[in-house]
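The following pair of complexes shares a single chain, chain A, combined with chain B in the former and chain C in the latter.
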Partner chain A sequence: MTERRTKTIKTDVLARVEGEGAMRVRIESGRVTEVQLKIYEPPRFFEAFLRGRDFTEALDITSRICGICPIAYQMSAVTAMESLCGVEVGGQLRALRRLLYCGEWIESHALHVFMLHAPDFLGFESAVAMARDHPTIVTDALALKKAGNEIMRVVGGREVHPINLRVGGVYRAPRKAELATLVEGLERAREIALGAVRLTASFDFPDYDQEFELVALAQPGEYPIDRGRIISSAGLDIAPPEYESQFVEQHVPWSHALHSQRAGGGSYLVGPLARFATSFAALTPLAREVAVEVGLRTPERNPFRSIVVRSVELVHAVDEALELIAAYEEPDAPAIEVTPRAGVGHGATEAPRGLLYHRYEIDADGTILAANIVPPTSQNQVAIEADLRGVVERSLELPDEQLSRLCEQTIRNYDPCISCATHFLKLEIERC
Partner chain B sequence: MSVTSRRKPKLAVWKFASCDGCQLSLLDCEDELLALAGEVEIAYFPEASSATVRGPYDLSLVEGSITTADDRERILRVRSSSRRLVTIGACATAGGIQALRNFADVEDFVALVYAQPDYISTLATSTPISAHVPVDFELHGCPIDKRQLLEVISAQLIGRRPAIATTSVCTECKRRGTVCVMVAHGTPCLGPVTHAGCGAICPSYDRGCYGCFGPMETPNVPALTRQMRALDATETAIDRVFHTFNATAPPFAGVGSDRD
Partner chain C sequence: MLRLIGVGNRWRGDDAAGLVVAARLRARLPRGIDVIEHRGEPIDLIETFEGAQAAWLVDAVCSGAQPGTLYRFDAGERRLPAGLFRVSTHRFGLADALELARALGRLPPRVVVYGIEGSRFAPGGPLSPAVAAAAERLAGALSTELAAAFAPVR
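Our next item is the complex of A and B:
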C-alpha cells in the first residue's frame, strides 16, 4: 500500500506584484501535475467600451489599463492610429516621446528592481523594511525612481496617466530650459543605476536556464522602445501588422487574462531578457560595458538574472534620456495634423515588461469600430507557468514554505503586471 | 497630551477594480515615503510588502470600484476592520472608466472581449465604494494627486478635516497664472465644472481639461455645454468627454440625456 497524503499550502497573498492573482501548484507522488497562474483581477472590458469612441481618445482611455506603464499604452495607441492615418512622427517630436518613454522605463524598472524584487534576494518583506538595514540602497533607489518620474512630470505633465501625448505629437513641446532641470537628477541616477547593476549581479542566483523563444522589437541602431519590427531568437522577423498571424490568444478557465502563444504552438518570452538578447549591440556603451563587467551572457537565459538585465536597461534609459535632452531643439509645432481615414492600424512598442501590441479599426469619421490589446504579461503567462513547473520540479525537496517563496520569486522574475493582464497572487501548493 | 508610548497607527491599502495608479501614487512620494513609514505602520499593502498585519486598521485607503460579487462582500469586511476609510481615485469614488459598462449590456462586453464568456464572473455595473459602505472621505482624481494624498493621510491620522478644496480647476489656472485655453484659444475645457486638485495640469500644456477629477461641488454643467457648443464642439464630442473617467458621477452622468 502506498500512503497517500494530500497537503495544501497557501500563501494567501503573493505580494509585490502589480495586480491580483493566485498561483496553484499540484504535486502528485513527487511529480508536478498542474501549474496555474490564476489571474482574477476583475475584467474591465476596455476593448468593448473603446468601440464608439473617437480615435484620438484611445490613448488616454487605454492609459487607464495600467498606472505603472501608462506611456506604453499611450504610445502603442498613438502609433497604431498614426500608422492607420498614414502619418509618421519624427524628429524632435519623436525624440520627446522617446524621452518620455525612457522616464517610464526608469520609474517602472526602479520600482520593480528595488521595491518589488530586491527584497526577495536580500531577505526582506518590503523596501521599507529593507531601508532599516540598507538605508543607502533604498534612498538611492527612490532618487533613481524620482529621476524617471521627473521626466514623466516635465514632459508628460504628471507621473501617473500623463496628459501631454496626442495623436500627431504632443500638446505642448517643453522648453529647453524645462528639460535642463532634469539633467542633475539624471546624472546622479546614472551612477545609482550603475551601482544597481553591480549590486544585483552580486545576488545569489539559482542555476537555471530556460529555452523560450525570445521576442522583442528591433530597429537598426536603436535599443527597442517606441518602434521597430518584431523579431525573435528563432528567426522571426515581421512588421507589427503581421503580429496576429504569428501569435494567438487563448482563454483558459482559471484566468481573466488571455494566454498568448506562438501560432504554431509554444510559449515565448517578451521583456528585458528578450530585448537584451536581440538588441545588446544597441545599448549605450556604458550599459554594454557594465553588462560585460558583471558577466551577463548574451543571450542571458536565466530568468532569475532578469533583475540584473533590468538594471542594465536602467543605465541605458538614463543614458539615452541624457543624450536626448542634450540634443533637444524645440520643434516648430507640437504636433502634425492627422486626418482620420477608414482602416485598420497596428501599434507595437516595448512596455518596461515587454512587447505591447494594439490594433484598432476605425471608420472614416475616426470612430473606433474594434480594438484588440495584447499586454506583455498575457504573452509571458505561458512561459511563467512553464518556468514555475521547472523550478518546482527541481526543488521538490524544499519545505513548503521555502518552495512557496521560491515560486513567488520566480513569478516576480517576469515583473508581471496583472492589472495589465487583468492583482494579489495567492499561492497554493497541493501535494498528493 | 498623552505621555504614554505612542502606538503607530496602522495603514492598509486595498485594491478593487482599478489600474493600480492611485496606490502607486503613494510609492511615488519618493521624498516622503520613508518619513511616512516612520509615522505609520504599513500593515497591509500587498503591492509594496509581503508582510501583513491583522486588522483592525486605523486608516484604510481603498482603490478601485466594485465589479464582482466577491468584491461586494470583501468591501464589507474591509469596512468592518477599518476605523477610517478613504477612497482614493475615480474608480473608488465614482466607478471609474470601467463604469462605462453601466450604460451598456455587460453580457455583450464579455462576449466581445473573451472567447469563453462562461469563465467570466462579473457584475452588470461598476459602482463606487460609497454605494456599498460608509466612506469617511473621498479623494478625487484619475489618478489622485500625491500631495493631496499626503494631506488626507496626515489629516486623518491627526483627526482633522483634510484641507482639500472643492472648487473648480479654473481657480487653479487663475492661481498659477495660466491663460484660459477656452477664452484665448477656443479650446473646449471642462475646467469650469471639474473638481480642483490636479493643479490645472492640462491647460498648462495647452490642452483643455478632460475632467479626470470628476465634478466639483455644485457645478454649472449646462452653462459649460452651451459654451462648448458655441465653440463648435459636436454633441457627440460633448457626450464623450463627460462620459469617460467619471461617467456615472452626477451631473456628468446626465449630460446628453435631455436631448432626443
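Our next item is the complex of A and C:
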C-alpha cells in the first residue's frame, strides 16, 4: 500500500494561546472525519461559587477568570448589576471605564498580534526566535503593551487584576494631571499601532473566506466596547436580556469548555472580525483610514486577516483613549449609590476576544442566587472547529508537520482564551 | 545599578520562594541595590532589567529533585536549562523572558539566576518546611554575594 488511509494530526499542547488546550484532527481515506479543539485546562466552578456572595463582589471574583481580560469580566458584571438595580452610569464615570477598557484592549491585542500571532506569518517558532531577526517588532510590542499597562495602573489602580471598578462607578476618580501622564506613551503607541496595521497587512494570507454569522454589540455612534444591543450580520438585533433565547450552550465530551451555538443550530463568530464588520463606521477616522489604505474589506471574512483587523482595533483603542483623556473632567463623585433589588440582570460587553455575557439573579438583600457567564472563546469554539475542518480539507496534500502548523495558526486566528472558556462537565449519576 | 528580583506567586505554596527571599533581603542589603518582588509576567520582567548593570533573579523550580535543593546559573553567559523553571500557563516562563531580553540586547551584563526546588504548588498553601529553610539559607548567602558585588560599584 502506498498511501496511509487513516491519519491523525494532533498537537498535545497548543503553543501561543492563552491557557492550556490541545487539538485533534482525524483524516480517513482523504476525508476529515473528526475535528476537536480540546480544552483540558482544569474546570473553574466560578458560577457555582458566586452563589451566596454579595452583588458587589461579582466583579472582583469574576475578574479572576482571566489575567488578560479582567476588565471585561468586571465590566460585564457591573453592567449586569447596575441594570438589575435600575442604575445607569454615564458621563465622566462611564468615560473612565471606557478608557480602562481601551487599556485592556491595547494590552491584549498587542500581546496577541506581535508576540503570539506574528511569528506564524514571519515563519518563526516563537516570539523569542522572531526577536533575534526582528528586534524592532518586539520592542514596539513591548512599548504598546506598556501604554496599555499604564492606563490600567493609573485608572485601574494596578496593572494586573485592577481594583478600581465598583458597582455604581469607581472607587477613586483619577486627577486630570494623572491622566495627562499617559498622553506621551499613547502618542507613541498610536504610531506603533499604525505601523502594525501596515506590517500585518503585508503578510501572505491564504485566499479563504468563512461565512459565519458575525455577532457583536452595537451602539449608534460608538465602536462597541462597554454597552450596546447585540446585532449580527444575519439581521439579529436584540437587547442583552434576550441573549439566552438566541444562543445556547452545550457540553461536548472532549472539552471542559461549553460550546455555544445559535438557538436552532449554527455556529457564529464574535470578536474583532465581527465588530469590524458591524461597526466599521464607528471607528475613529484614523483607524478607518488606515483600514481602507491597506485594503481591508467590510465585512472582512478571511480569519487569517484577523491580525490586521486586530491591529486596526489597536489604532482605534489608542486613539479613543487619547480622546477620552483630552475630554476628561474630574467627576463630582466617584460613584453613584446602588441599592439592590430582587431580580435578574444581564451584562454584555466586548472583551478583546469578543462578546462576554453575564447574567445574575439576586435577592432583595443583594445576595447572588444564580450566575451564568458566557465568554467569547466558548462562543467561537464551534466556528474554530468548523474552520479547522475547512483548512485541513483544502490542505490534505501538505506533509503532516506543515499541516499541523497550519492548524495551529488557524486556531490562533481566533486568539482563543482557554482559561476564560473552561467550565466543568456536569456529572449525572443514574441509579437503578 | 544592581537589582535583586524575586519571582513568584505568593498564593501558590512553594512558588512564593523567590518572593520570600526578596522580602528577607530587603532589610539586609545596602541602599543602592534595588529589591523587586515580581509575579513573573515575562514582558514586565524584561522592563525590570532596564538600567541594571547586574541582576540576581530567584525563582522556584520544579525538576523532581529534593525539595529545597538550590541551583545557581550564570544566565549572562548561556541560556537556562530548558524545562527547569516552571512555565506559566501562557507557556512563556522565566527562561523565555531571559532569552527575549538577550535577543533584544536588554539583558544586563551580568545575570545570575537562583532556583529553589519546590514541592507543593497548591493554591493558598504555605511554603513547605524544606523550601522555607532553603529560602532562609539562600537569603543569607545572597546578602554576602550582593554586598561583595556592590562594594566595587560603590
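Please note the rule applied: the second predicted complex is superposed on the first by the 410 of 432 C-alpha atoms of A that agree within 3 Å, B and C clash if a C-alpha of one lies under 4 Å from a C-alpha of the other, contacts with A are read in each partner's own complex, and residues count from 1 in each chain.
Simple rule for what comes next: contacts are C-beta pairs under 8 Å (C-beta built on N, C-alpha and C of every residue); 3 or more make two chains touch, one makes a residue touch a chain.
Keep in mind that what you see is a predicted model, and the values were worked out from it rather than measured.
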*Record, for the superposition on chain A, whether partners chain B and chain C clash or fit.*
clash
*Of the two partner chains, chain B (first) and chain C (second), which one does A:G169 touch, if any: first, second, both, or neither?*
neither
*Of the two partner chains, chain B (first) and chain C (second), which one does A:G228 touch, if any: first, second, both, or neither?*
neither
*Who does A:G271 touch here: chain B (first), chain C (second), both, or neither?*
neither
*Could you look at A:P376 and tell me whether it touches chain B, chain C, both or neither (first, second, both, neither)?*
neither
*When the two structures are overlaid on chain A, which partner does A:D60 contact: first (chain B), second (chain C), both, or neither?*
first
*Between chain B and chain C, which makes contact with more of the residues in chain A?*
B
*Touching A:Q250, do we find chain B (first), chain C (second), both, or neither?*
first
*Using the touch definition from the top, say if A:P303 reaches chain B (first), chain C (second), both or neither.*
neither
*Where on chain A do the contacts with chain B and the contacts with chain C coincide?*
13, 15-16, 18-20, 41, 111, 115, 126-128, 131, 138-139, 142, 145-146, 149, 159-160, 419
*asked:* List the residues on chain A that touch chain C in their complex, please.
replied: 13, 15-16, 18-20, 41, 111, 115, 126-128, 131-132, 135, 138-139, 142, 145-146, 149, 159-160, 419
*Parts of chain A lying in touch with chain B, wherever the complex brings them together*: 12-20, 41-49, 51, 53-54, 57, 60-61, 64-68, 70, 107, 111, 115-116, 119, 125-129, 131, 138-139, 142-143, 145-146, 149, 157-161, 163-164, 166, 170-172, 249-253, 256, 258, 334, 408, 419, 423-424
*Mind pulling up the chain B residues that touch chain A in the complex?*
15-25, 27-28, 30-31, 33-34, 37, 42, 45-52, 67-68, 71, 96-98, 100-101, 104, 106, 108-110, 112-116, 119-120, 122, 126, 142-143, 146, 198, 201-202, 204-207, 210, 212, 237, 240, 244-245
*asked:* Which residues of chain C touch chain A once you look at their complex with the stated criterion?
replied: 39, 41, 43-44, 46-47, 89-92, 96, 99-100, 103-105
